[in-house]
Amino acid sequence: MICILKPGVTKDKQEQLIKWLKSQNLGVHISEGETHCVLGLIGDTSKVDGDLLESLEIVEAVRRVSEPYKTCSRQFHPDKSVIDVSGVRVGEGLTVIAGPCSVESEEQIITVAKEIKKAGADILRGGAFKPRTSPYSFQGLKGEGLKLLSLAKKETGLPIVTELMDIDHIDLFDDVDIIQIGARNMQNYELLKELGHVDKPILLKRGLANTIEELLMSAEYIMAGGNERVILCERGIRTFERATRNTLDLSIIPVLREKTHLPIIIDPSHATGKANLVPPMALAAVAAGTDGVMVEVHNDPLHALCDGAQSLKPEQFADLARRMMIIREVVS
Amino acid sequence: MICILKPGVTKDKQEQLIKWLKSQNLGVHISEGETHCVLGLIGDTSKVDGDLLESLEIVEAVRRVSEPYKTCSRQFHPDKSVIDVSGVRVGEGLTVIAGPCSVESEEQIITVAKEIKKAGADILRGGAFKPRTSPYSFQGLKGEGLKLLSLAKKETGLPIVTELMDIDHIDLFDDVDIIQIGARNMQNYELLKELGHVDKPILLKRGLANTIEELLMSAEYIMAGGNERVILCERGIRTFERATRNTLDLSIIPVLREKTHLPIIIDPSHATGKANLVPPMALAAVAAGTDGVMVEVHNDPLHALCDGAQSLKPEQFADLARRMMIIREVVS
Amino acid sequence: MICILKPGVTKDKQEQLIKWLKSQNLGVHISEGETHCVLGLIGDTSKVDGDLLESLEIVEAVRRVSEPYKTCSRQFHPDKSVIDVSGVRVGEGLTVIAGPCSVESEEQIITVAKEIKKAGADILRGGAFKPRTSPYSFQGLKGEGLKLLSLAKKETGLPIVTELMDIDHIDLFDDVDIIQIGARNMQNYELLKELGHVDKPILLKRGLANTIEELLMSAEYIMAGGNERVILCERGIRTFERATRNTLDLSIIPVLREKTHLPIIIDPSHATGKANLVPPMALAAVAAGTDGVMVEVHNDPLHALCDGAQSLKPEQFADLARRMMIIREVVS
Amino acid sequence: MICILKPGVTKDKQEQLIKWLKSQNLGVHISEGETHCVLGLIGDTSKVDGDLLESLEIVEAVRRVSEPYKTCSRQFHPDKSVIDVSGVRVGEGLTVIAGPCSVESEEQIITVAKEIKKAGADILRGGAFKPRTSPYSFQGLKGEGLKLLSLAKKETGLPIVTELMDIDHIDLFDDVDIIQIGARNMQNYELLKELGHVDKPILLKRGLANTIEELLMSAEYIMAGGNERVILCERGIRTFERATRNTLDLSIIPVLREKTHLPIIIDPSHATGKANLVPPMALAAVAAGTDGVMVEVHNDPLHALCDGAQSLKPEQFADLARRMMIIREVVS
């Protein structure tokens, strides 16, 4: 951590600050520049409140040198992580996740599961507990939805991923292969802490207004608890643009590749909100080097109970899957 | 709900759509314009998926006519709500909430409580459970912190407000007068639903990237469960500007005044992140007609365990409180 | 245009409004819903001030039905436009534009021009007039830079594109093949109007905080003046994320494809600000169906006078160009 | 400027970098930390490309120590500037600017000018050249509008402020007291440079997506040319919130007070876009310590040719002016 003093600070005040910093068990390295004096703080600076330091009258600016995350950092774990999900190796090749936004009926989920499997998908998605902006909207089939997902898994052999909104529901998730944490819960720290003790991979979605660094800090919450099987997921950020529901930030792919060893999945369906925008964005994600893509597929989008507007029909998905595989070949 | 068809849609396709809409138990009112045909949907449109409708090939745009919230709307409840908090009437006059970011020790919280009471504050704030971006940061004194808040309440008579992060902690909150829900949990719907059954006022903070409408929808979650004592709180939104931690959106005050009967509180400390910016923003909030202000006060900001940079010293707070009261007089 | 009245408006006030609307030469079509009365305005609504209408006491909301742009709309010109740039057909296949941020010397620009030509680029870019945030930064070689670009054009046969910041410089641009308008001037309407009378293609960059609709409206300014050869360019928008300089909004590609017949070029260099992020984003743009890519290439990034951090070396560019062509094959 | 090297950089590479830095005429001060080596660069770093430095393989991060602006900085000019506008002293007390969005007719501008003068306004505003998103919207009365403003000035004695969009129009601005530069031209550097040679005060509006630092850099462009009479103006920034047209960032007032000696004016009319939000936001600005407020007033908002929705009627303005004066008394 580096602390830059204002020009013209008296020796007296400077020494007072240094004394206080040392009392916090920090080493202090002084460097006098032409106009500014810079203090390099050495030791465990993770507990230093940089904002507080910066608010002091004699301090001009404070800069962190090291990144605030550890376990998920590529510095500490140079090889890319591959996360085994019941035999599917996420982080190796391209993982394709597909399925409806909400589980609605046995017929629906089994039809879709079979279709996506035929088209080459690796994992089945489907919402049982649904976070909805309005308390008056359909909130998902809940426990019943999880049972239907299990049926589809038995029928097709596809591992399943579905969203958990409350740790009290965890007992219902026994047969689930990956637990999804939605964008709205990305900084629900109590939930993240609990997930640190769960023996399942976690798909952690980036919050609508969260930076890449905050996403990594939330992964760190889970990993600090002992569960290192975290898969990151970009699903669009909130910007001023309204032509799409959110703005899909694909540059997160190469940025994360540098910073972390964790795999990254792109969800173009929630990001764009419109089915016709999904294929170009999915192909773009593959070209940019993503580890996986998660796409909404519904056998009857017109009658979907949730987010039908952004769902592909099975035949559209099959075509997309085929093209994604070709691009994957080209970029790898 | 209004559904605008694309120009040149065939009668056939138009009738097919109208048939489908009627099968959803909606009345349809057709209005032929010069270039566009507009369908007015009549009945309970709250379950219609507007995005899905808009994704249909023949539809150009879909617009909701009525607002998606009900209980919190000023249309259904024209008088401003006044929420009684152990004798303090929030929504009537100016309510001043003050206290440290975190409860740290008996001496600290009681000193601060006495100081703010002397200066005219109505309610004591103090964090016991702290949401922190990093799992390695100080997470609050938890149960111990709540006990210290109770002590301070006994000592001064000030009602207390503190943050709840998990419904499982609710038993510890018996003596708490207002439960605060932080920005990161504004859309933690499972938690909001539980709060609908709690018999205490809720201070609901706006999420960093949430619209005013979404804030009202989250209030609606709580109210739909039966707890109508919701107090809204603005604490800054995330924008591109970095000179302040967040951007305090004071226009929320007159906007909410039109839309809802619920009271609104402004938190300039978290919004700006810097103590010297707090007084001007607090005064501005009062001038804009806020129902209350929540300010961080610490007896020793330099040694605060959390957010010391944004805390006022008691004497600074006393001066601010005095000036807020004068401006309140002028604007009311 | 649709005007939704508040519930419970008296017949009297309603008729008063309708009378006023008719006095503006508008037809009014009345549709009574269950709770709301909706007025459909028929005729030339392009001069109606929707915000004003919405501010009236009895009006709840106003919605435009038709898009505010015309000449650039795909509705009025269903075929994609192909813009001929001295033989290069922008809008047909993939156009690759490359070159240094700034023209610095004869040796530099000719070396780079030859290298990019060898690698398959179609057009040479290079800044002569440079918009810089600071008045103290290098502002470009100006007229001298344009002469060097001409030399490079003569040497390689590549058409050239360079930025115009002031219409008074237009005489110096005789030999320029495409005039670039930078993001900061996207809404410099006086300049756009002048460009309507210029007989050269215009590359119009999206402003940092401008919506896709505003980009089209600025294109409309140029086209309304008579110059219909406009090429649109996405170069990143400003969001809260700081891991990249800006956030590249690739979903603009399929969105524009629906709305306009004009070609779209993606500039990943300015969007990301870092050379290592450029290749994945360029490949992603091609996979999403862009008409072209504009990439910064410098023979000696370490000594570039401007934006060296985001420049590829010629051999990196050659490798990227090769991979872009393969992906283009796959998606077309 | 500080350059932080990655951990584990070899002595060899480190020395190579230092050699290169010294060849750029910089002194280098080396400070070895526990994990990182930090280089302090001494001398004229204003020409160092920080992004380029940061892109080098061995560099982790680069931080500027000094601010990039000079003439407008409070460090170089500790006293607040007071700018004389034909006798009105902007920066001393509260300056009230009012008038219609557009000048429309002699009767309109003279009626409004008299009304606002009676209510206590100091300066008359009115647009003659209007920047409009659509080329098909009313673009202002131009030269004719300027003549009408002069008439109103003669009639009332009020100095006038109006927007300049192109330096070629400057001859028409002889009788104008303050030249306004609109948000869309804040980074039209060619125009800013020309304004450096104009002998009139400039009212510089913050761009929709520009940081406070960029606003100061644009002021610096004007001041570097010799014209130091720059007045800054906040008129709302673009965020995700749509309940208001833009988000008025009032924290700019105390932030600018620290950074610059230039006066700051708040424009709540363009920021909110709705007349009923203007008075609370204007009062808030005064409470936060602004040097002035600029408010749209129209004698007949319903028939205004531009932005009628956000205009106050003269009697509403008179009431607001009275209340602003009282709050000004309280805060000063």
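Just so it is clear, A, B, C and D label the chains in written order, and each chain counts residues from 1 on its own.
Convention: a contact is a pair of C-beta atoms (placed from the backbone, for glycine too) under 8 Å apart; a residue touches a chain by one contact, two chains touch by 3 or more.
In this text the structure is predicted, and so the values were computed from the model without any measurement.
Chemist: Measuring between Cα centroids, which chain is at the maximum distance from chain C?
Modeler: B
Chemist: Does B-C or A-C have the larger number of C-beta pairs in contact?
Modeler: Between B-C and A-C, the larger count of C-beta pairs in contact belongs to A-C.
Chemist: Compute the distance, rounded to whole Å, between the mean C-alpha positions of chain B and chain C.
Modeler: Centre-to-centre distance between chain B and chain C: 38 Å.
Chemist: Roughly how far is chain A from chain B, centre to centre by C-alpha average, rounded to an integer in Å?
Modeler: 26
Chemist: So, what's the distance in Å between the C-alpha centres of chain C and chain A?
Modeler: That pair's centroid distance is 31 Å.
Chemist: Check each residue of chain A and list the ones that touch at least two other chains.
Modeler: Counting only residues that touch two or more other chains, chain A contributes 209, 238-240, 242, 276.
Chemist: Looking at the complex, which residues from chain C come into contact with chain A?
Modeler: Of all residues in chain C, those touching chain A are 209, 211-213, 237, 239-244, 247-255, 258, 271-272, 276-277, 280-281, 283-289, 323, 326-327, 330-331.
Chemist: Spell out the part of chain D that touches chain A in their complex, as residue ranges.
Modeler: On the chain D side, the touching residues are 2, 4, 7, 27, 29, 31-36, 38, 40, 42-43, 60-61, 63, 65-66, 75, 209, 238-240, 242.
Chemist: Which chain B residues qualify as touching chain A in the complex?
Modeler: It is residues 20, 46-47, 49, 51-56, 68-69, 131-138, 165-166, 184-185, 187-190, 193, 207-209, 214, 217, 220-221, 224, 238, 245, 273-276, 301-302, 304, 306-310 of chain B that touch chain A.
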